[in-house]
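Quick heads-up: structures coming right below.
Consider the two complexes below, in which chain A is the common component and chain B and chain C are the respective partners.
For the complex of A and B:
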């Protein structure tokens, strides 16, 4: 097993820059929140500036994060010691460095983009306060060197996500979506909390290093319980079946939020968790099978649902769910470097796609339905280029980033002995190609079908981040080119020692690549024939309406997950609540209180009737009492001895 | 030592005392004028005093005398307080009737 960084460094490691890059976004959030009314439009620049500094600090930390100390890579900063074994600290190793770079880097670009996108919103400063707070929470999550710190970050990103989904809280649908996301995420938080309980009970420590060092001593059952409960958290955060239903609804938030939180960073926290706990997963084949299967199911389900969506952001949301399914499948079966690689490329191309769609939505006065788009290629050539590169990258066209990372995941399933997952992954790749190109063709080809006369072209703060993101969307994958000698593998040397291939697949990596490419080409071809050709776009409005009407009900209802969850949990909770509120509470609680009060009143009325206020009546009672007393002593045997 | 210092049999004193006491008791219970009630109470005190003194003489024991003084003192205090209450209560009232004073009725 890999020796773990901070375990060897101990809790007294110091790397103060880590504190800076961690706390700067929090400072930005506090400033934006406190001085929002005074800052006005400057709030955006302030928040972006703080995040830019944080990103610069992260880049400067690269040498520290990859340095070799005591047989392990990374830097550590102790924070505080709570109880014996419960030490809190920040850990920067290649894995958390990668995540921190994406969070601050992509986050910086999306903040810059938001300055243009949110321009004129009456809660401009509040938006940036939330965004900076989210970055802080996410950094807490990935930089923690222990499970409780991770859980704190886990909860805080859920809170930030709740704030931002419900940012336009005057819309009831946004409030409902925010609440749904929060509730489902709390289900996951509880799972992780339970896992932490088991860990503390067995190890007596929460540090990653201590836990992984002790993990060989766990029984199979305990290990599976820990992994399973951790995965409940991962599934909720990363929108895996059956806890995925919040993600499509989360598109109610502003588009930059969708790009940053619900595509690039927060939803990949589950991938991070599993990659971080690689030693646990590698030791538990049952957990690997469970997580790999759920990842594959999610990838397939997301892709199938992506085929029948008309809202451009919902298409992207389902594709996010599907792509995270790939990542979870990768890290789940043990191909950690593949899953993490797909996280990296996905962070870029999905942020790019969301920001690109934001350009369109912004330009068309908040129109999100692709049926009322079309022909935008000539009106918005830059958005077309941005979206096209993103689509090509997500489909895995050779040379673009998605190709390299998806290839690693797909081949990784074979290398770790899961041919069924390989099959699902290949089919999903084809469906992905189909629905992404469908979106591209419907949006940009043919004639414009909407009713917006003047296309409102975005300013440079929106175009620049998208332009910058095109570069990694195309090129970042080349880091993963070259097998063991690639920069990617050298960066993660030693991090994922437990993720070595377990079998030699029957087919070579080259052959699997060709299979995937053939399926992807087929998907693109079908999409082209259905939406891209001149005949297809001739009577597009009528045809798209017809198609929307003939969606199979099982897909239109998203496999009935909402209905099932509603019936199983929401209805039963509501029923229980109604029973308790309308029957049990009035009967038992209210009843007990009321009866106590009533009986006190009744008793009072009884004793009150004796208090006549008549002096002579009292005197009579007195005399009667005295008479009784005297009679007793006079008549009792032995009285007057 | 004189066995019986009383010229009259003790039973007569006891009988007189009982009659006085019940006259007083009846007065307290049936009269509605507070002054008459106080006077009736005095009568009951004195019935008790008579008994104390009779037995003190009969048994040649001074405790009875002492108790008689105590009762007189208590009776004086009672009369003072009782009259004060009567004056306070009936200062503003157009009547002198304890049955009309029912402020403590529950």
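For the complex of A and C:
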């Protein structure tokens, strides 16, 4: 055994607040699960309260998370050790602090919202147990100081996601969606496991500090293999091509779940992983190119598919996939602060959009098809304001949060020498503006096309979180204003040392902003002409039906990813299983065994004679035979002294 | 008292239960549970206190020598836990006889794991087949299953007995388990190795010796299968570590390629077949083939961490397959079937039963945070380091397949709309819940911190020294 480095990120010590913010949601989950029948409606308040305390503890941990003592950044709490080299602990540094704030903060608001949204559900307490458990799992993911701890969180958020997608498990579609999400995410888990094997073989430790300290010694191939395998995990969790197909189906879960897990937090775990492993990615240009390209392809594909959806949650799901594509593109090419910034703003505006859509779905008795909405602006003015703010923010209209972060990502692709990715990012921004405004116009403008007579307006527990979220949806981006002097850059000073720009782009940041704005304006304009004008609203029902019928097959079938995965993996595995189970096992393997048994004559005779009855008697004979054999050795003449 | 007392305790309990009136189920179960709990409680104190009496001196020395090694200690503990849970859960017709047989099974396997003498080991090997055989005859669906189980495993036992006798003649003593200074030389040795290997491969089982298993597991009552699948399947793997690896490492090395191949084949074969089975118990049976194949690979990878992981995964597999078979037994008792085509939507009215099956299922598919994952990752880190990259890849594919077949099993039983054809039965009783709870707790505990089990194999004899990560290259 050679001694290990035990390099830590963060100042070693005991941090009760850190342990508290991590474990409180677990306690809440256990209580809600165990005492669900007794708690009834109080379960929602209990879970929300525990999460509120966790959020408070996170805020109070800010000084510990940002402390900088002797080159160590943040707080490190050791937990336990399986074996030397397999040590587990918690790390709270600016990166994990940011994620923890979003998880507990946005999580708290969504919990509060759920109290109203899930009111009257027969498994109300179980819902909150799962939600609190999810928060615990997600905190485990972002607070772990090592790859296996991260993997544990990674797997547990997948489990929480599985439970919540399949929450209404009497619906076969929800059950199928949950299984699909879980299995695809296990593909990702397995990718991270493989990366861990290579890492341990080269470093002898799973700690982030040890691994990053040793990473300059890795060869190019090893580094690319590690990054590539880690990215398999990131792609599965963050719905990147080709492992994205579970995300649209995941909308089977209740809307608050979509907001918390499948928009604001869990699906950004891949972004966190890459940002966390910045020292590895920055050292591997091949991995940067691969991940940046897949991020760009996902951003574009998600946006294209978002154009042709009619289910309001599926529109948002594809936009989530597209926006995570931006984040992955950002952190992939090395613009870590940009990708992470887009995570932060997206967490707010996408939670806002999902919760806003939840207001509508709740009010219209679970209607999700935008063709059967329309004219809701007058019926639900608050929902309109909430959705409109979110749409404006996601499109990158100047002054709103999405503008600042998307701008950083788009310019970051140029700064890190990827003009092609820049092109894709700009085009995608235009498409995003088009399909988001399309959703807004079709939902809120014109005449109501559905058949719900009485709009069921939500109570304050649902309205309040949406109202609160409007503030960061508009304003959070200003943290990123001001270049190097901005609060954002100062918060992350020292975190992403390896993410400095590599080239001076040919065009200035100001010019790229104008290009993006022009494209976005064009997208909004086309959406307005097609869906927003008075003439467009006039014959909307017929027009929308015609449009739905004329969607190109390649988009209607989502680029055939489901069909390809089904044909390549699912059907072949089942076919092989059927052949082995129904043909090979009984006929070949067992057949050979039976032949052997029968050709040994005595065994065959034995089997036949036993079928005549008197089973126990014959068994006794067999046992007696065995006993005689043993006795022969034991009692052979002279065996005893 | 000592290890012998631990072995005799369940046998004494079985005799006492047979003296009870035939139809007193409650008394039989109470006494059986009491004996099993006493065995569990006394294990830490008695198991490691050795007992030895000279038995033979010619043609070789043999002794009634009992006492736990660090490795067998965990298997004894696993056996005691699983037996107590299974007996407590038992709700079968003719419960008195069934519980007595369960205790005979526990006693004979205690003898097997605690034996320090190969001849005693072989003796208990054959003995532990009988209670399963009689339960299959008395409580199973087809007598053929019982005979197949007995004949198949007994032929392995016969090979084991001959190998043991030859071992004794060559070495002069069979009182060797746990010793590190035994080296066999002679032209018989390959045959001795073959005898041991055959017995262990059949008992585990490993492809292509597995065809006795699915029928046995789907025919026998849940509580019996819980112990057979959970603990008896570890007898062969324990033999591989405590006998083959300890005394015949050169031959194990020589045939490592073959065994790795069989293990890898078992992983994929079991997983693919489990994917399309219709009987939930058969799915778990074939998943066992897949999981135990991984342990065989881990043992012959000759890497300390892989071996440490193998021991942990043996314990983990014991816990989760016991939990799964107990839960499926509860399902079968309620609905009269374990066929996926007939079961549906039980979770709505049986949330606790659903939870019990769920935790076993999650551990089986290797959910991080539960013991199965800890074992798998330790094994695979070691297997990768030993250079078996392609086997690592196969094992990872096995994990993906496991998530598919385990979830299919769980969801088809518990999820979906409630079926009008199935009788509505009450949810898990407190007794049934209490039988599963210790298994679930152990799965979580060992999943969070498996340190104690991971270090058990480092006390093994050479060539397997300390379990730790290899130094950086």
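Operating definition for what follows: the second predicted complex is superposed on the first by the 577 of 641 C-alpha atoms of A that agree within 3 Å, B and C clash if a C-alpha of one lies under 4 Å from a C-alpha of the other, contacts with A are read in each partner's own complex, and residues count from 1 in each chain.
Assume contacts are C-beta pairs under 8 Å (C-beta built on N, C-alpha and C of every residue); 3 or more make two chains touch, one makes a residue touch a chain.
In this text, all values refer to a predicted model and were calculated from it rather than measured experimentally.
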Partner, of chain C and chain B, that touches more residues belonging to chain A: C
First, second, both or neither for A:522, with chain B first and chain C second: neither
Touched partner set for A:166, first chain B, second chain C, both or neither: second
Touched partner set for A:590, first chain B, second chain C, both or neither: second
Set of chain A residues, in rising order, touched by both chain B and chain C: 607, 610-611, 615-616, 619, 623
Residues of chain B that touch chain A when the two form their complex: 25, 28-30, 32, 37, 98-99, 101-106
Residues of chain C that touch chain A when the two form their complex: 55-59, 119, 122-123, 126, 130, 133-134, 137, 143, 146-147, 150-152, 154, 157-158, 161, 165, 207-211, 269, 272-277, 286, 305, 308, 345, 347-348, 351, 362, 365, 367-369, 373-374, 377-378, 380-381, 384-385, 392-393, 396-397, 399-401, 403-404, 407-408, 411, 414-418, 448-451, 454-455, 466-473
Chain C-touching residues of chain A, taken from the complex the two chains share: 1-2, 80-86, 126, 148, 151-156, 159, 166, 169-170, 172, 175, 178-179, 182-183, 186-187, 189-190, 193-194, 196-198, 200-205, 214, 573-574, 576-578, 580-582, 585, 589-590, 592-593, 597, 603, 606-607, 610-611, 615-616, 619, 622-623, 626, 629-630, 633-634, 636, 638-641
Residues of chain A defined as touching chain B within the complex: 607-616, 619-620, 623
